[in-house]
Amino acid sequence: MYDDLKQRVYEANLDLQKHGLVVFTWGNVSGIDRGRGVIAIKPSGVSYERLTPDNMVIVDLQGNVMEGDLRPSSDTPTHLELYRGFSGIGGVCHTHSLYATMWAQAQREIPCFGTTHADYFYGPVPVTDTLTRDEVTGPYEVNTGRVIVRRFAQIDPLHMPAVLVANHGPFTWGKDAAQSVENAVVLEQVAMMAYGTLLVNGRQDCISQALLDRHYLRKHGKNAYYGQR
Amino acid sequence: MYDDLKQRVYEANLDLQKHGLVVFTWGNVSGIDRGRGVIAIKPSGVSYERLTPDNMVIVDLQGNVMEGDLRPSSDTPTHLELYRGFSGIGGVCHTHSLYATMWAQAQREIPCFGTTHADYFYGPVPVTDTLTRDEVTGPYEVNTGRVIVRRFAQIDPLHMPAVLVANHGPFTWGKDAAQSVENAVVLEQVAMMAYGTLLVNGRQDCISQALLDRHYLRKHGKNAYYGQR
Amino acid sequence: MYDDLKQRVYEANLDLQKHGLVVFTWGNVSGIDRGRGVIAIKPSGVSYERLTPDNMVIVDLQGNVMEGDLRPSSDTPTHLELYRGFSGIGGVCHTHSLYATMWAQAQREIPCFGTTHADYFYGPVPVTDTLTRDEVTGPYEVNTGRVIVRRFAQIDPLHMPAVLVANHGPFTWGKDAAQSVENAVVLEQVAMMAYGTLLVNGRQDCISQALLDRHYLRKHGKNAYYGQR
Amino acid sequence: MYDDLKQRVYEANLDLQKHGLVVFTWGNVSGIDRGRGVIAIKPSGVSYERLTPDNMVIVDLQGNVMEGDLRPSSDTPTHLELYRGFSGIGGVCHTHSLYATMWAQAQREIPCFGTTHADYFYGPVPVTDTLTRDEVTGPYEVNTGRVIVRRFAQIDPLHMPAVLVANHGPFTWGKDAAQSVENAVVLEQVAMMAYGTLLVNGRQDCISQALLDRHYLRKHGKNAYYGQR
């Protein structure tokens, strides 16, 4: 019944590993079928070698397992908050990729230092607030989602498909599961380049708004002219 | 007679290489059978290509070779001290992995900067004292074990399955040989992330106790809810 | 009709990926046939897996597609400016390789810190001016080429086959497409070595003119004595 | 006639590439037959894919080609100076490996920060003087060898089988070609660890003489007890 969704989410999870962004079982991708009100997500703590399209877990938007014998990723409540808060997204990805996590741990947004960044992320990649003690001891994974959505009060998540959760690591999203993974790969590259830029020149400024506009809009929106049409 | 133990220790040694943590023969893993009072350990200076389950060396807790034609790892006395000092552990792993070794050489504990760390290590990863001249010129490998055990006087090794030996490199342990290797892999990731975090923000603080508790206890202990049950 | 040119440009594009300089479709190589007044270049946004010699795009020097069903790389106008401005070159390569991009983002030329650099680049690798607002909002890709050519007013592009476009990344060139890729590979190595040199010794000076001459001229020009003749 | 020497030197050159220490043709290994007064060395500028045991070049100690159709490595005169200056060595290796080259370019010796270093190199890895203008414009490759030998006036090359040529990169040596490559691999690891150690703790001291003695002598000399006997 959810075969197509499960297949695509399965492939996106494998892509994550193929791109070298995960160690062991650290990382999870989900995709949503908004018509039916369900998501497919990676099971918790299952190694990539044992993943099959069939063991993806189908969960409704209240977090109830609708299909599947395994427990869904422990980060499922965070994914659900993102789908609730960001109505335009179709896939969510979470990793502990090295360089993005360094910035998340350092609690610094990633400045837009160049066009690689501007091609995908329309401004600095934001970092969330630290969760309060109550947020940590309460429903932690739900609150992780909430702190992200709160951070986007003034930011359009469709133009900034990534966030750094303070003390933790990145979440990325996109129109579907595959694109959320693509954005995770790009975020890691951008995080690495920004890291080195900072070490070479500690006072480097962001690029100009004009250059940011040019690159972002070259790839996104109705006047895009990159790629094949 | 010790076939099962030797097989598992052999596989753990190969895993170490598979994860890219060793160059040449630098690295060794052991496992203990506490009932019979023996450990199996990698032979000294034998390349990973020539390892077989059969050439793992069986040593009793006094360091006598019980089975095997090869000499055991020169670090065997250190492993034995750890098994003696930490009664709850079943496997020990030693590497010179790059980033963990950098911290060991810099004689700085690895601060808990994020949840990747908190998922596995309950607090900063400690660094031992420098060995004294007498400890170095005496039974060096035994003393290396003792300086580790001494460092854990106030720390529960079951909640902190890793240490940095000053001027040397990491030792990790776990319930068995395989888990000691898993912890070595995680330690290297955590060391790398902490290194970058420090370079991005030299004054970064540790995460809160609440967040450390949340993540560590999410994966360990009776209320754990990560993975499949 | 352009089969040979397309084949060579195709192979150069694959080499770029083989050397690990590209993620997704970030990177493009072209080659020119000056006799016929055309270049072959990678199509825009097509994955390396789907590239064939046949889908290389043939474009004349005014940017008109002469052969091919796909749109050429969006960076084509930059390539054309370089072929126009640097009459001695036969191939152009653009990447967002990590370390070269760090320097481009940091807007610092790469100093000649050693003989690896001197073997290929006769002096510091220059960085362009930042494009003005008008240059960015106008014909951006053409202007990117112009800002490069302008930077070489006093530099011989045949002895300095690389540039860092400020806020963006490297362009390299050579006698043909293959050599432009070779120079991109070397530039990335040189950028990485210079990065580390700077971190180890922030006040490191360039090498002497005598050593630069010796190494560069050992490999280039009529008295070269490196390699087979 | 020199088949055995050529075979071993060929394998050592391939090992160099297998360990990821060379890009393109940057790197060369030689081995000496002191009885016959010849060395075998890699031909100049020939790609690793085209190397065969047969195209290794046999050169006498005055630099005359005795066997082989190709020109020997342009660094041959440096190798010959080392064989002349260091009578106990049997193989020489030269690379531009990334981290060792960073230190060479930064003109800083690599301090002995840990036991990985002490296992192979008995003290800090020295850096040569910068070559004078006359040394550069004169017989450059010969002078490179001389500046190395001069640096070892007070150092035993058998206990310090590596040097950093200022502004250039590392040379390593050993009892034969294979061991010179092993030392090149270790040097790169040690250079990387020392680099990170310095960034984590800019004021880190060398290890104690006692620890250096213990580790170096554990592996070398008549009381060694590492490995199989």
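We just call them A, B, C and D in the order they show up, numbering each chain from 1.
Please note the rule applied: a contact is a pair of C-beta atoms (placed from the backbone, for glycine too) under 8 Å apart; a residue touches a chain by one contact, two chains touch by 3 or more.
Quick caveat, the model's predicted, so the values are computed rather than measured.
Undergrad: What chain lies farthest away from chain C once each centre is taken as the mean of the Cα atoms?
TA: B
Undergrad: Same or different for chain C and chain D, where same means more than half of the interface numbers show up on both copies?
TA: Mostly different residues form this interface, as fewer than half of the numbers used are common to both chains.
Undergrad: Rounded to the nearest whole Å, what is the centre-to-centre distance of chain A and chain D, using the mean of the C-alpha atoms as each centre?
TA: Inter-chain centre distance comes to 46 Å.
Undergrad: Whole-Å distance, chain A centre to chain B centre, using C-alpha means?
TA: The computed centroid separation for chain A versus chain B comes out at 33 Å.
Undergrad: What residues in chain D touch two or more of the other chains?
TA: Where chain D meets two or more other chains at a single residue, that happens at 199.
Undergrad: Following the definition at the start, I'd like every touching pair of chains, please.
TA: Every pair of chains in contact is listed here: A-B, A-C, B-D, C-D.
Undergrad: What part of chain D is in contact with chain B in the complex they form?
TA: Residues 113-116, 182, 185-186, 189, 192-194, 196-197, 199-201, 204, 207-208, 210-211, 214, 218, 225-229.
Undergrad: Flag every residue of chain D that touches chain C in the complex, lowest number first.
TA: Of all residues in chain D, those touching chain C are 23-26, 43-46, 70-71, 74, 96, 98-99, 101-108, 130-131, 133, 136-137, 140, 167-169, 195, 198-199.
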